[in-house]
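Shared between the two complexes below is chain A, which pairs with chain B and chain C, respectively.
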Partner chain A sequence: MLRDALLVCGKDLRIELRSKVGLNQVAPFAAAVLLLFGLALGPTTAALKPAAAGLFWVAVLLSVVLAVQRSFAIESADSARDGLRLSGLDPAGIFLGKGAAIVSQLLVLEALLAAGVALLFGARLDGALVLLAACVTASVGLGAVGVIYGALSSGARVKETLLPLLLLPVAAPVLLGATKAWNDALSGRPGQADVWLSLLAVFAVLYVAVGTVAFGPLLEDA
Partner chain B sequence: MESGGASPVAWAIHMALAVSLRDAVALAGRFPLLAGVTLDVGEGEIVHLSGPNGAGKSSLLRLCCGLVPLRSGSAVVLGHDLAADRRAVRLLAGYLGHETFLYEELTVEENLRFALRASGSSAGEAGVQAASAMSRLALAGRLPATPVGKLSAGQRRRTALAVVVGRRPRLWLLDEPHAGLDLEGRQLLDEIILEARGGGATVILSSHELGESGAHPIADRVVQLAGGRVVDDATGTTSAEPRPVLPPAAEPPAAQPPLAEPREVPAPKAQPASQPEAAHVA
Partner chain C sequence: MRADRALRILGLAALAGMVATVWLGLFVTPNAVGYPDGTVRLLYIHPPLAWVMFIAYGMATLSSLLYLWPRTRHVRFDRLAGASAEVGVVFTGLTLVSGSIWGRPTWGVWWTWDPLLTTTALLFVLYLGYLALRNVPGEPETVARRAAIAGLVAFLDVPIVFFAVSWWRSLHQGPTIDLATRHSYVHGSMAWTLLLGFVSFTLTYVWLMAHRYRLAALRDRENDEGLGAAIADRWAEAVR
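For the complex of A and B:
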């Protein structure tokens, strides 16, 4: 299973490096979200600073939709998805591989967005360990739930609109937990973030487990 | 292994079948793709599926490789019951469909290596198999390092075929394999199919490349489909009419591995309890 996961993850990342969709489209989209929220809330950092954590995670959440759509678009082209099914790869390995590729891209995106938040909103990135732990656990959870709903919606004719409808409400606990954890860290109370980090970890473990078990039927039936 | 009560003779005959379908029904939603297909294909046979558009040729091939689920009836492919274990069949079958299953951003060689590693080869084995398959399909020069998205339709077709060749399956399922290939490519494909059969593989293909007899020139048998059923099942050649043999082409490389190779897969599941039609071998 791990061998298959590494194979699929390597393939997806190689394709992303070649196509540069993440760099040329997803990252600029996330930056645009940050900028637009900044414009809407006001030009002064006094208004923006308290909202920095929430704006950061809203931008990440919206970008996840694009990253997941892209991940399954490469399997839709020329029915590569059928090729995956025929290959004999372990479905759990495919799930973990696609999830790992999305998580890798999200972590890079979050690093860029964190710099953007510091520059645009004047936020001081204190409590680096908590910020990093929140990013890792939230990304794993978002990657797992994204791959599950990506597979579920990829066979539908209206997949472009179905995916955000399915994914965004389910990912709400991640938005809440990650925003609270980041708020605690940015406001100098990193010790209070434990409960939110625990929530993020539970969400990640739950959806990784569900995806590992359920991805086979999803891949066959969607 | 249980024979399910079948007589030893019937069991022996059944084991010589690569594909055994009985009243096989497959659906897409509520639309019938196959409406009760009964068909036996012996190991080492080359069977040509014929019929008008929508007859069920592609669906039959997709059923045999486990892409389309069996709704009712029975289907045993290479000793594995498709209703119970489609994954085992997928490891043994090679399918070339209308789509190529390739990734446009990856090069020809990267696509091949990925497909071969995904089917169980180690990195080293995949490299050797990919090089051999590219050589056999004349994917030489700059082509191995060219992204598939920049290839012509015929070159893509050759690359997809190279994946099947590299996997060395025991059952070749080829859906309009000649489409998009030039004359040289079509002749090469026929040579490869005959080589595969020579290595013990079974081949089922649908094609509009017909000989004078109405069957594909290299086929042993033509099976006519219509409305998701077999409507005619006859040998394409007789003992008085020897199977056509293509003129010898360039010798394959000395190190060329056989184009069909048994590999380790889970042991076949127990056969269906009764095989009354097992003696119905073409």
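For the complex of A and C:
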């Protein structure tokens, strides 16, 4: 299963490296979102700085939708999905692999966004350990629900509008937990973030487990 | 036909219960101290609405589970899940509206970021998404399996949302009837009216759900027979 996961993850990342859609479209999109927040709440950092954590995570959440759409767009082109199904790879492995590819892209994106938040909103990135832990646990949770809902909606003709509606409300606890953890770290109380980090971890574990079990029947569809 | 008659009787019982609840709630029960302008009378509406919301989503989740379980997989569980979730969404909307109307005079705000309210609002959006997914056309079995998984994924999110939001300041009043101690803060005619409210709203839920179920079954039949008729037409043409 893990070998299959590595194969799928490697394939997705290789496609990403060659096509550079994430770099050329998703990352600039996230940057544009940050700029728009700046326009809405600026020009001074009085309103932006306390809201930096929340704005960061909203930007991440919006980018997750694009990343997931991209991840399943590469499967629907040239009926790659059928190839994947015929390949005999373990569905759980495919789920973990696609999830891992999304998570690694998200982590890169979050690093870029964090730099943007520090630069544009004047936020000081204190408590780096908590920030990093929140990024990792939140990304794993988002990657897991993202792949589940990506697979659910990928066969549908209305997937562009359906995916955000399905994904964003489910991701609400991630937004809440990650924002709170970041807020605690940024305002110099990294010790209080434990409870939020554990919430993020519970979310991640739960949805990785659900996806591992449910991906087989999902992949048969469409 | 017997099912039709049972459904009609159920509908009449729900209607009678509803009328009685309104009459008792508005004209018979006393006005409680501490609630401005008789707003306590919302007590007979708002908790029963929220209660129906819970059983509707509980039913939808149970049906989804039963559908996913290979031994109990049957199209009726898929229809049941869809019907129940749809009625649940309607009652969630009503819960939010009635709560908002109640919150304004008692708390002074239409909306507050309380755990119960926030979770309910998210439930509303989550299940709107679920219904949207159900409406996506496809092979009936594909649609059913997709919907069942989405229903479970959405339901799993509810406790996480609730606990996450619970760490925020809570403004919502505690439950009116404490289940742990079985001690009720509502007495006499008020308690009976509240009970009647629960019963008649539950009957209404069952009635609405049964109708939605029936419609779903009829639609499936229409699709099946429509295809059969089309094939028969083609055959007739070919033979001629």
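We take it that the second predicted complex is superposed on the first by the 221 of 222 C-alpha atoms of A that agree within 3 Å, B and C clash if a C-alpha of one lies under 4 Å from a C-alpha of the other, contacts with A are read in each partner's own complex, and residues count from 1 in each chain.
Keep this in mind: a residue touches a chain if its C-beta (ideal position, glycine included) is under 8 Å from a C-beta of that chain, and two chains touch if they have at least 3 such contacts.
All figures in this text were calculated on a predicted structure; none of them were measured in a lab.
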With the two complexes superposed on chain A, say which partner A:L7 touches: chain B (first), chain C (second), both, or neither.
first
Could you look at A:L162 and tell me whether it touches chain B, chain C, both or neither (first, second, both, neither)?
second
Chain C versus chain B, contacts on chain A by residue:
C
Just chain B (first), just chain C (second), both, or neither: which does A:S198 touch?
neither
Check whether A:G88 is in contact with chain B, with chain C, with both or with neither, and answer first, second, both or neither.
first
Contacts of A:G177 with chain B and chain C, given as first, second, both or neither:
second
Return first, second, both or neither, reflecting whether A:I15 touches chain B, chain C, both chains, or no partner chain.
first
When the two structures are overlaid on chain A, which partner does A:A80 contact: first (chain B), second (chain C), both, or neither?
first
Report for A:V145: first if it touches chain B alone, second if chain C alone, otherwise both or neither.
second
Once bound in the complex, which stretches of chain C touch chain A?
68, 122, 125-126, 128-130, 132-133, 136-139, 142, 145-146, 149-150, 152-154, 156-157, 160-161, 163-165, 167
Please name which positions on chain A make contact with chain C in the complex.
145, 148-149, 152-153, 155-158, 162, 165-166, 169-170, 172-173, 176-177, 180, 195, 199, 202-203, 206-207, 210, 214, 217-218, 221-222
Interface with chain A, chain B side, in the complex: residues 65-67, 69, 87, 90-91, 93, 95, 97, 99-106, 110, 114-115, 117-120, 147
In the complex, chain A residues that touch chain B
4, 7, 11, 14-15, 18-19, 74, 77-80, 82-89, 220
